[in-house]
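The data blocks that follow each hold one structure.
First subunit A sits with subunit B, and in the next complex the same chain sits with subunit C.
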Partner chain A sequence: MITAVRALFVSVAAIGLLAVGQSAHAQDKTIKIGALFPMSGPGSYFGAQDKQGVELALEQLNKTGVNGYKFAVQYEDSSCGPLPATQAAKRLIEQFKPDVIIGEECSDATLAVMPIVEQAKVPLLNAGSSSIKVTEPGNPWTFRIMPNEVMQGVNLADNAYKRMNARTAVLLFENTNAGIGNAQVFKENFIKHGGQVLAEIGFGRDVNDFTSIATRVAGLGKIDVIPTYTLEGQGLKITQALAQAGVTKGGGGNAIQIGTIWLPFGFEQKAGKAALGYIRIVQFDPTETRDVVKNFSAAFKAKYNADPTHLNAHAYDQIMLIADVVKRGGKDPQSIRDGLAATKSYSGVTGSVEFDKTNQNTKMDTVHYMETKPDMSWTSLKWN
Partner chain B sequence: MTTTIVLQQAINGVVLGSLYVLVALGLTLIYGVLVQINFAHADFVTLGAFAAYFFMHLVGAGYIISIGVAFLVGAVLGWLINAAIFTPLRRKGNELLPLIATIGVSVMMQNLMLAWFGPIPYAFETPYSSQVIRFAGIYVSWQNVIIIAVSSVTIALLYAFMKFTFLGKALRAVSQDRETAGLMGINPNQLIMLTFVIASALAGMAGAMLAPVLVLTPFAGTSVIVKAFAIVIIGGFGNVEGTILAGLIVGLIESYTTQYLDPGLIDIVVFALLLVMLAIKPTGLISERREENV
Partner chain C sequence: MSDPAISHDLAVPRTALRARRMGFLLAALAIIALPLIFNDTYWRTNLTICAINVLLALGLDFILGYTGQLNLGHSAFYGLGAYVSTLLIVKLGVPFWVAFVAGVAFSGLAGMFLSLFAVRLRGHYLAIASLGFAVIIYQILLNWISLTQGPLGIYGISPPPALIIAGIQLADFRNLTAFFYLVSGFTFLVYLLLNQLVRSPVGETLTAIREDEVSAASLGINGAAWKVFAFGIGAAVGGAAGCFYGSFVGTLVPDAFFVTEAFNILAMVIVGGMGTLIGPVFGAILLTLLPEVLRGIGDLRLVVYGAALTFVVLFMPGGLAQAARIVQEKLRFGGPGS
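Our next item is the complex of A and B:
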């Protein structure tokens, strides 16, 4: 009898231990996401807002998990530059051993990181880099959910010529892969329509005072549009300098600044009335009526007591797309890569996602236009 | 039209040059007296900019008063850091230690400001930023008028202080020969402290003047400091007059390079000038002997 009781006790203990072991194993099932964000330097506003979007997504996902997996993110400061980005990527891969990496925002940094993730066979999900080189001719480990510079630039040139009736343009851009690439795409397509580019003015990221550039622009004659490709800080100064020189609407002139997805929401309030009439592409329209957008906006507001920006939305979509891949069976770098490639019409807050053979998102419903109104608010133009 | 543009770019260049001079003067003062490069100078500029910004926006003070506040914040911080870090290191007798410490102070200040103020650029608008005077095709904002006026007055006062006051003469004596100046009854340590306080105050004030022009982030000062170093070298290490002249020349070079060449070539032109100066006249535009500096 004693032997039978002892056997029963041992059996129960064994089953209990087994259950505890399985439970512990289930808790260990974590998808590790490395985040390469610029947290310092002139692009650090990207990182700060990206992180908010990531944290919101993690909070929602980790309440229940997905397919038994929880999600953990390790942030590294990649500083919007090739050298810090490569160092950060190596640190992530060697120490954190991520299943997938998200980031960077700046094209030069992303391009520098791509060979590293390819060698390590870890998928890189990019949202903010527009250079065509990120996806052309194609890298099996790099995916991009935002429209590239060609998709945005062709669309912007079309709209400038056809909807805005612009016939002359002056291009202002930072001397980086993305800045030069965006400007060139606009130029080629604007000229193809019959438009005329009066000047192409590139500048380094260390330029602070844009008064001299604005003076030069003011001397170029009648200008309809000024496509501008630069980060927020320099963008503010350019917009204010152009207004002071009397070139743009905000300064009593006729020219309208236009641009692709470079500037965050809130830019117009910072720039003041100099930003009047500024038309630019953003990749998130909070006025959309889709449930996913409404729910995201409400949750963001509840968590941060602020309205979400397109950078918040980008980062949120990156994490949620990874979660969708995990739901479809992704569990390690290879299966997550394959899952990303197999994505069909995923509906995120910024728009739809479906990759072509170069891993570029082909959906144009991620392109939204906004225009700055006289009271420094903005309106969605519904051009796409 | 061409004359108008030439004149307009001259005004733009003088405004930019005045800002560079304000930043570079502090560097040149410290080099002239201590023969030390202060790598943290850029961060005093940034802190001055934030001091002015928050004084305006939180206290609701006017911009001109905020410039004064930035000047005081720079002075106090210069005194504190010199007393707490640089002076003890200097006493150890190794000239490298304070130099390396300036790098440490710079990194520390940048990261403290990043933690306090965050990475997102601030828009520092003053009531004068958007007020523009237009005359015969030329325009200049009131902000730029203030920059030129305050810079001119500051430079004149500094010049008068160095040339005509007892403390100014004592500073020059220390810069020429610290030991002999000490034998004449001058306390070199007090004057080194005074140099740091004046240089840091000037940096703080430069920050307040630059803030509406540059992109205000915790790294703002670093974007102008390389140019300021170049100006100090072109002007003549530690030479105040040379620094003023070099600052204005660099400002004008930037304006005209932007107009007639390409803004992307600005650094190439400025640093080519620096190399030419080093090759032809390594003592700088004005200085002949280091003993005559400051």
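Our next item is the complex of A and C:
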């Protein structure tokens, strides 16, 4: 009896050890990606769309794996705020032990998370935060694939002055890190060219009625461009209020709203005729003819029965860039960091990626200019 | 002349006094043991946030639970403490503990200032006035960019300097465990002081005002002065929480002190049981840890959190403190009908 019990014990222990060994082996061959996305609060639409892009990328990658590695993602709700993002990042690092982290979208949250990833020595691949502080001074563990506020702002001011022949501007921006930063960069560069800023109007995220602001803008005289920096909800109301006040083309006026990558694909359809003539930078151009874009759009449509937004595309690119690094030998946080830093002309769906010494993507083909046509579709302006 | 606090304590049955002291001892032991049990940075972070939130809940409870002043603007004092102390450190190079005292004092004075004007208001009117105050403070933090950096935020705020006595470093507050001990130790001290205060004749005076201000006035109690006093103390405690917040998170943006934060603090007090000091402590711990514990269930997390909050308010209107009392009585006297 004792022998039988001992045999049973040894067998169970052996099976246990085998299972642990296999599990460890399986874990060794998995690249663990932590995702810090806002999934609650006003920024939750970021998280929902990011997740779609990530899931599509995972589905494609995990069919065959890359260099023998599969990819696993753990999502954490970082709520677009410094404290919840800090908590979510620490939870990810302590409990999931990721090889790389993607996110956050909001600059405040990303800036709060950066010292934590630096201390833990886990690379953070960011797409959505435009604040210059993310990469200047930044830290060796944080990378950004989207153009920062200076790159976008300088380019937008150049194009407004040189291509659109704009000489007067009114700045509309939300009172956030990114809103103020974007507006200031445009202002400095537009004035440098010889343009004139007639007014700078900031507003909180709690403002719901833009009639008084539009009326004020209407009284400012001849306006050529109105650079606008706000999220979609307020963006729709501003565009409609400006059209109703007869300021913009959509309302029979002459001014043209311009902007950087704040508004997702589909904004025009929601804004209707008021958006006519709106020129803005988008990070993803679904009309591009590169294979990678066509394949992504088709796969996204097949999976979700919808056209992809720039948020979907960003998240997809983040995962695919990590896969590219793994293909080049990345297997743990340090080698993935080094692989990201060594990236040369990686071609993603939003454009190409190559980091400078601050870990900022330097490629301007990620900046696509779109103009809203009368039927509310886009014309790609091919300015970059 | 006898000390009123001591004479009051003598009136308390010896067994109750012993139980209370035992409770304090257990709480102190729990504070010491917690970071040793939860030894990763994630849980130690959550424990520190718990301690900060307990401080906030204690401050609001002193105003709301003990003098019945419905303050919906506690986030303002939290924010004032955070910004005053941080700006003094960052812009003027003031040492942390001097800035801490200044932040606490400024928040307390702001509370007294608000209370001076709002002291004749009650119920809904006071609630609206205090809410308005919180909105004003938030707008100042957001729009006075030259001073507060507004939405651009203040980053890289350092933790308090290391505690060095006679050349020996006793604690380095860059270490999360040391920071937790600092905040929880301070919170424990505040609890002890408030506990002494509410059990002294001062506490009875405040309770008398809460129950019936007219009757209290007939006994010669100056209700207005005591309400200003309570508001000042509660606001100062909220300010202390803010001073710790900035140096803990390392980042300060006005959104952290938006008026919704005042409702979170109010929920901690109500769920815990206002008018008791121990209730808000557990309310703050529960409402801080519950969303974290529920992270495992993903998207349903906030649904379950909201449902739990509704459940407590519907079925335990006196909060956790009332529920604990019911359980205690049932254990002592048996179930109904026995």
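Assume the second predicted complex is superposed on the first by the 356 of 384 C-alpha atoms of A that agree within 3 Å, B and C clash if a C-alpha of one lies under 4 Å from a C-alpha of the other, contacts with A are read in each partner's own complex, and residues count from 1 in each chain.
We adopt the following convention: a residue touches a chain if its C-beta (ideal position, glycine included) is under 8 Å from a C-beta of that chain, and two chains touch if they have at least 3 such contacts.
Bear in mind the structure is a predicted one, so any value in this text is a computation, not a measurement.
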Exercise. Putting subunit B and subunit C on the same copy of subunit A, do they fit or clash?
Worked result: clash
Exercise. Once the shared chain is lined up, is A:G128 touching subunit B (first), subunit C (second), both, or neither of them?
Worked result: neither
Exercise. In the superposed arrangement, does A:G181 touch subunit B (first), subunit C (second), both or neither?
Worked result: second
For this session: Name the contact category of A:G259: first (subunit B only), second (subunit C only), both, or neither.
Result: neither
Exercise. So, does A:L236 touch the first partner subunit B, the second partner subunit C, both, or neither?
Worked result: first
Exercise. Touching A:P308 in the superposition: subunit B (first), subunit C (second), both, neither?
Worked result: neither
Exercise. So, A:Q244: does it touch subunit B (first), subunit C (second), both, or neither?
Worked result: first
Problem set entry | Contacts of A:G330 with subunit B and subunit C, given as first, second, both or neither | neither
Problem set entry | Partner with the higher number of touched subunit A residues, subunit C or subunit B | B
Exercise. So, A:M39: does it touch subunit B (first), subunit C (second), both, or neither?
Worked result: both
Exercise. When the two structures are overlaid on chain A, which partner does A:G153 contact: first (subunit B), second (subunit C), both, or neither?
Worked result: neither
For this session: Identify the overlap between the subunit B-contacting and the subunit C-contacting residues of subunit A.
Result: 39-40, 175, 204
For this session: Note which residues of subunit A are touching subunit B in the complex, please.
Result: 39-42, 44-45, 47-49, 175, 201-204, 206-209, 211-213, 215-216, 219, 232-234, 236-237, 240, 243-246, 251, 270-274
Seminar exercise, completed: Contacts from subunit A onto subunit C in the complex sit at residues 39-40, 75-77, 81-83, 86-88, 90-91, 93-95, 108, 111-112, 115, 133, 175-177, 179-181, 204
Exercise. Once bound in the complex, which stretches of subunit B touch subunit A?
Worked result: 1, 5, 8-9, 12-13, 15-16, 19, 114, 118-121, 123, 125, 129-130, 132, 134, 139, 141, 144, 210, 213-217, 219, 223-224, 226, 254-255, 258-259, 262-264, 266-267
Exercise. Subunit A touches which residues of subunit C in the complex?
Worked result: 40-43, 45-46, 49, 139, 142-143, 145, 150-153, 155-156, 249-251, 253, 255-256, 292, 295, 298-299, 301-302
